[in-house]
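All chains are identified by letter, namely A, B, C and D, in their written order; residue positions are counted from 1 within each chain.
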Amino acid sequence: MIGIGVIGYGYWGPNLVRNFAECQGAAVRVVCDQRPERLELVTRRYPGVQVTSSPSDVCVDPSVDAVVIATPVDRHFELALEALRAGKHVLVEKPMAASSDLAARLIDEAAARRLVLMVDHTFVYTGAVRKMRELTQGGELGDIYYYDSVRINLGLFQHDVSVLWDLAVHDLAIMDYVLSERPVAVSATGLAHVTGRPPNIAYMSMFFDGNLIAHVHANWLSPVKVRRTLLGGSRRMVVFDDLEASEKVKVYDRGISVNPSPENVYQMLIGYRTGDMWAPQLAVTEALSVEAAHFVDCVTNSRVPLTDGEAGWRVVRLLEAATESMKKQGQLVSLDGVRA
Amino acid sequence: MIGIGVIGYGYWGPNLVRNFAECQGAAVRVVCDQRPERLELVTRRYPGVQVTSSPSDVCVDPSVDAVVIATPVDRHFELALEALRAGKHVLVEKPMAASSDLAARLIDEAAARRLVLMVDHTFVYTGAVRKMRELTQGGELGDIYYYDSVRINLGLFQHDVSVLWDLAVHDLAIMDYVLSERPVAVSATGLAHVTGRPPNIAYMSMFFDGNLIAHVHANWLSPVKVRRTLLGGSRRMVVFDDLEASEKVKVYDRGISVNPSPENVYQMLIGYRTGDMWAPQLAVTEALSVEAAHFVDCVTNSRVPLTDGEAGWRVVRLLEAATESMKKQGQLVSLDGVRA
Amino acid sequence: MIGIGVIGYGYWGPNLVRNFAECQGAAVRVVCDQRPERLELVTRRYPGVQVTSSPSDVCVDPSVDAVVIATPVDRHFELALEALRAGKHVLVEKPMAASSDLAARLIDEAAARRLVLMVDHTFVYTGAVRKMRELTQGGELGDIYYYDSVRINLGLFQHDVSVLWDLAVHDLAIMDYVLSERPVAVSATGLAHVTGRPPNIAYMSMFFDGNLIAHVHANWLSPVKVRRTLLGGSRRMVVFDDLEASEKVKVYDRGISVNPSPENVYQMLIGYRTGDMWAPQLAVTEALSVEAAHFVDCVTNSRVPLTDGEAGWRVVRLLEAATESMKKQGQLVSLDGVRA
Amino acid sequence: MIGIGVIGYGYWGPNLVRNFAECQGAAVRVVCDQRPERLELVTRRYPGVQVTSSPSDVCVDPSVDAVVIATPVDRHFELALEALRAGKHVLVEKPMAASSDLAARLIDEAAARRLVLMVDHTFVYTGAVRKMRELTQGGELGDIYYYDSVRINLGLFQHDVSVLWDLAVHDLAIMDYVLSERPVAVSATGLAHVTGRPPNIAYMSMFFDGNLIAHVHANWLSPVKVRRTLLGGSRRMVVFDDLEASEKVKVYDRGISVNPSPENVYQMLIGYRTGDMWAPQLAVTEALSVEAAHFVDCVTNSRVPLTDGEAGWRVVRLLEAATESMKKQGQLVSLDGVRA
């Protein structure tokens, strides 16, 4: 039985507690929050769980094997570090840390102590995203041409981070899981409509070594909610619309065929292909439930999580580079392919 | 009666001929195309109209008062110039010319000869776009925060121009008409998936002097067709979906309110507003029919067209700048606010 | 403080308990179910609430002022009757009873004892349905011409009741609240695709004294889920689509105008009107929370509920008549305008 | 070369003329209409085609082999009869005739003279409906459980026929082609909202010998346009939405499985199946072009048309029976399985 301590019982914490509470092989031991009314709520819902306002209580608790961190991003590093140093496995909210350097230090700390460090890239555990990876990695889509994602709504303006760190982080985590290739450079643009706040609308292009481009549009000031990803391949193309009740993933047998011209070998003839569309049946288990079980399995059997510290670092590095590019109105920012 | 000569009877030419044929105060006198089978088609459809394979025949024809040019973009300049020099008014397809310099020379030529020079920015003559301008310029939307447009489909790859010159040109023409502000700089990214061809997927951000950002996504390699523009204002927001059979324009009474915090004057409290949505009834006249009548009116009464040479120049200048930025992977390219 | 006892903790019971638990002026005292595992769940969630497997325990409990009945329909009558006889107010699930006679006996019992008898017609307490009533009764729609509702999905086949009693009951309850007129006759058709089961697909037409027709299509065997009501008036028309995330209610300024012909007074000229569409902002409070508060208010202040026993009776009477007509393949069945 | 004469150049006639004009093996010889301005339009568009205001001119014209009749329904019989008696093959608009008796007389006349008699059930020649028949007849859907169609819009009120004869006729023609089974009885309801006019809203249930039910909802007074058919089978289900730009036909691998209970052989256990959805690529040729070629082929090679007089008769018989039932508010009207 893996003992779980949860730090942060705000918006997402309750979902984590609920899923670990129902997860076989795990038991929630203690929940930490600074607001007394949140702790009262925990006690009402889970009479047997301890509560505390001090994160250190969680880290030193001998009944706790693993610490789950669901606080604002600027506290991720210090809390995760304290937990790792106390010998606890860690599952931390996304984005993993406020900078890629801090993320790297957590990876090193966990590696040195042979502890599991996992990042809560929730979408990776949905049936839809797993299907997209399966189609991509299994070659069904052919060569990947582009990845285009739109995540917009009338959203909660954050005080300290831009819309990229709040919304685009989901797309970057999905992209990191679905694609084999890694971006090598970023160009981003955006604007803040409230004086003194970070940008609330942002566009982010990513370049790769091969014939692939990726783009994310994130916006907190849209009158309509859109959650749509296009994934274009040379053989087939995918539309993932997360707002569809069913048929979230549609696979289109559409594209172009490029052939040398019979008259001129330097010229290309482009043909069009439009075939069937197919919406595969998807697993409907709640993503967080799959993720909780995966974390418990990694801790129990010393496995590397699907969304490990490296994945978390890559996503933070992208956000960092995009933030830098956005300040320079689209100027290209290179990414190191590997972590220093 | 204004005599009309049409050069180019390919994809768009037949629509122009049909609308001018039905336009009061105008008469189509001659149609020019290099393909005999296209001219045969003209003769079958319009027995009284002359045909020719030589554009010069159109320009020297004394029964022709105005020349309509519907050829590939790389021939726009020479044909328009010839027509103007022959003393004919000109309506030219979009984009107006292959470069802003060429566009400027046409403007000067027309001005010197006091001839009407109009660009076929067709969308400007739709009920939907007129309503968007009315809402924007009438103050209903408040300050304009962003203009975001997506125009993607499995489209006809062009040999010589990128997807920006083929698809984004529509969005730039609409934007030019709807907004009062003009972009001052562009950052664009894109990729060509067919070797030797111009980019078939492109993203284009535009900056303005004020608190406004614009973005266009154009893609010839999308499995689904999307034609959607978001126009965000401080008071209201608009969604224009051209694929909606009715309700193409929806106005949302949604947004944020920003107030100084009572505790801290340097901090802002952000509130959310979600009110009614409203889809105004739109004029359903075919845009090209409105546009033909407008051109005839401008020629007859010496008026300046809504989509004059200057508008055409501004759109070409944007495409040019975006093409340059795209080659440099998003590097900012400044626009001169006024034509040199 | 109104003490609440809930009988039935299956599919809907937990929602009722949760809402009464959070309802000011009410306290859930005891929950009854025959399955021990359901009672364990209650205890875990609400440690302070008593549990029992005997409905009579609920009825005799002096701390209970009102009994909420969420069992299969065939037990509604006996349980509601026992509760009323024990002097408790009653809120009973829809359909109110297995026959209109039984429903009538409950009304009489409650009246004789001056107790509140309310039926859980949940939709009546949604913002969408309240808006539809407001539009209808306020005259905005003009004369009501038709009410057309589709409620289909791949649904849970019931053992004992047809799809009308399971799905159409919602539409009848909404219609009863929204319209002023009452149906006077019913013609229904349907079919059972599983031998020995009641019909799983059904169509139900309702006639009124005036120029109004209503129709409900209910189906448990549809591959897609549809929840759509059209409400046609002489001045405006409404579409209520419950699956829309926002804009559930749309009001269309569309219709026909009928004028005597200038040439022939016996002939009518029909004109068409298509104006704006308008989606009013709707209250987003959970319907059951509004309903629970309304029930508590009715009990506390001796008010007549919006969805009283009479409304419950009218809906059961319609279901009964439709069932009879369905057996006779559409033969008209008259309804008594008033309860005997 | 089959010479074609067309009677009626109103709403649909121009489409027929255009398609026969482009049809290989056919030539349009003469067009008849009573309105001079319509004939002028013909002459302008087709200078080589004769025009006349007298239908008899068409029937006696020796250059005419086949007569196409596109007039209001009340003239179909006399005109078709005249053409047949003059030895011409006939293609007649739907509904075939104003009564099933008149339709039968046309069938007999054509049979006696060995002439082709075809009814313009246009939808039968669409890729979508052909695919539906293929799926149904090929067994992919299993046993057919229900056919449900909705065809509503703000439509042109007809003077003389109800909405069933104007809109539902399409659904009955499609159903006649797609299903193997034939209805044996009809129950219909409806209402006229304009005094003195036929019903503008109608509901029509059809019963079959087997375990199948069909229903059509037609409405001229709907604020929104709907064209949607559900076809439920024991193995798979189809949704045909004619307003979808692409993916008009979707095949759902969904349904129920019915098994005897292990405990009680008289009880059934119902399971649910939800699998993939699949949208087959459809032929995009204009239906009327396919139909024109089919008619020419039937005339040239003495074949029986897919939509022959018998199909036309069956649809008229259904409309007739529905009209009768509608007058009696849903009373069942039996259909003779075979034509007398």
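To be clear about the criterion, contacts are C-beta pairs under 8 Å (C-beta built on N, C-alpha and C of every residue); 3 or more make two chains touch, one makes a residue touch a chain.
This structure is a prediction, so every number in the text was calculated from the model and none was measured.
*Asks:* Applying the touch definition from the top, give me the chains sitting in contact with each of subunit A and subunit C.
*Replies:* The common neighbours are B, D.
*Asks:* Which one of the chains is farthest from subunit A, going by Cα centres?
*Replies:* D
*Asks:* Which whole number of Å gives the spacing of the CA centres of subunit B and subunit D?
*Replies:* Centre separation, subunit B to subunit D: 42 Å.
*Asks:* Can you give the whole-Å distance between the Cα centres of subunit A and subunit B?
*Replies:* Chain centres of subunit A and subunit B, defined by C-alpha means, are spaced 39 Å apart.
*Asks:* At what distance in angstrom does the C-alpha mean of subunit D lie from that of subunit A?
*Replies:* One centre to the other, that is 53 Å.
*Asks:* Residues of subunit C that contact two or more other chains, please.
*Replies:* 274
*Asks:* Under the touch definition given earlier, write down the residues of subunit B that touch subunit C in their complex.
*Replies:* Residues of subunit B touching subunit C: 246-247, 253, 274-281.
*Asks:* Residue numbers of subunit B touching subunit D in their complex, please.
*Replies:* So the residues of subunit B in touch with subunit D come to 45, 47, 225, 243, 245.
*Asks:* Applying the document's contact rule, which stretches of subunit C touch subunit D when the two form their complex?
*Replies:* Against subunit D, the touching part of subunit C is residues 145-146, 148, 150, 152, 154, 157, 185, 187, 189-191, 193-197, 201, 203, 205, 207, 211-213, 215, 217, 219, 221-224, 230, 232, 234, 237-239, 252, 254-256, 258, 266, 268, 270, 272, 274, 325, 328-332.
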